[in-house]
Amino acid sequence: MSINAINVRNQFRGKVREVIEGPVVSEVDVETAGGLIVTSVITTRSVKELGIVPGKEVIALVKSTEVSIATL
Amino acid sequence: MSINAINVRNQFRGKVREVIEGPVVSEVDVETAGGLIVTSVITTRSVKELGIVPGKEVIALVKSTEVSIATL
Amino acid sequence: MSINAINVRNQFRGKVREVIEGPVVSEVDVETAGGLIVTSVITTRSVKELGIVPGKEVIALVKSTEVSIATL
Amino acid sequence: MSINAINVRNQFRGKVREVIEGPVVSEVDVETAGGLIVTSVITTRSVKELGIVPGKEVIALVKSTEVSIATL
Amino acid sequence: MSINAINVRNQFRGKVREVIEGPVVSEVDVETAGGLIVTSVITTRSVKELGIVPGKEVIALVKSTEVSIATL
Amino acid sequence: MSINAINVRNQFRGKVREVIEGPVVSEVDVETAGGLIVTSVITTRSVKELGIVPGKEVIALVKSTEVSIATL
């Protein structure tokens, strides 16, 4: 189902750099143009259905209620 | 309680750009050195206890299980 | 940014039935064709930017790691 | 511990259709009476302790802060 | 809907100590018998429907995928 | 990156009691001084990088928006 826009305020566009595949979930590392690495853990079924492989252009999405803040 | 390191793989260091305060939760926007805006929603009590105000140096943290991946 | 597909396995298509607006977050109730109500809490900023108002066609999305299971 | 009611507003009653078991987490697909599939990822330990197997009557639960909204 | 058991491995039984009510979400502090305070943010609608008021006996529930680990 | 303080209101200090390792994520059980067990699921990469092994002193962290409340 194609989506026009989504409420998720944190969107990191980049390329898949690495996929560590597991039987149920996989770790997907996305590298942005600025060299930032964003790590995601999603179901392995989704990795296969979406054809997520190194080099693929993707967006990593994070809902703002899931973001914590720490001070230095 | 001071923390040495945390499992959270996504750490975005930056300065607080804006705080939208609510009675229970507040929205905090953090701007990284590279100009990326990361938006968080945390309790207003924590905003006050941590002294989170515009200009403050902070880290926005996101657990990898909370990151979704979309294709273009 | 338009999205082709997303890893999120739980997608509930429906119409916005009600929005309870708060200063920072808002509650959005979505009613599916089958009469199911899915409730979301997202930032009020996103509600306005996406034009989320009663009657609008939307998709409610839930990452599978966020779903718990209970027995009766 | 038996629970009378829970704050979680999204409750999907159905039968377990499939379990994909992993060493630490497992994917559980629940099919509602209306034919909707809700996918969950929970610890494998919980799957065993709760006796979650295909055919079992369960409720899939989603906290509203975990629900995103997209427009078409 | 009464629940027999739930996959959520972290269950903290206690009494509601304080409720900070907001227009959409409310903060609920639960104090366990051991004096531990567990803080939750849930929809205000649920607070009212479940009759969550100071002194009420409740269980605070946390899915294990939502727990981070830090070292000292 | 060392952290001074974090917005996360639920902090459970204790010792790692058990680690169930998987190819992508691992389950980590933390036992507090009061005998409470808090279960976490984090990436296996983080378990190794942080040296999370039985006996290690750690803090389990839970953001308040991730805590649900049930009545008995």
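Here the chain labels run A, B, C, D, E and F in written order, and each chain numbers its own residues starting at 1.
Just so we're on the same page, contacts are C-beta pairs under 8 Å (C-beta built on N, C-alpha and C of every residue); 3 or more make two chains touch, one makes a residue touch a chain.
Here the structure is a predicted model, which means the values were calculated and not measured.
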{"item": "Topological distance between chain C and chain D, in contact steps", "value": "1"}
{"item": "Where chain C and chain E are represented by their mean Cα positions, the distance between them in whole Å", "value": "23"}
{"item": "CA centroid of chain A to CA centroid of chain B, Å", "value": "18"}
{"item": "Sites on chain B at which at least two other chains make contact", "value": "1-9, 22-23, 25, 27, 39-43, 45-46, 50, 52, 59, 61, 63-66, 68-72"}
{"item": "Arrangement of touching chains [line / ring / star / complete / other]", "value": "other"}
{"item": "All pairs of touching chains, each written as two labels joined by a dash", "value": "A-B, A-C, A-D, A-F, B-C, B-E, B-F, C-D, C-E, D-E, D-F, E-F"}
{"item": "In the complex, chain D residues that touch chain E", "value": "1-9, 11, 13, 25, 40-43, 45-47, 49-50, 52, 59, 61, 63-65"}
{"item": "Contacting residues of chain B [partner chain C, same complex]", "value": "20-23, 25-27, 39, 41, 65-66, 68-72"}
{"item": "Complex interface listing, chain B residues touching chain A", "value": "3, 6, 8-10, 12, 27-28, 30, 34, 36, 38-42, 46, 50-52, 56-72"}
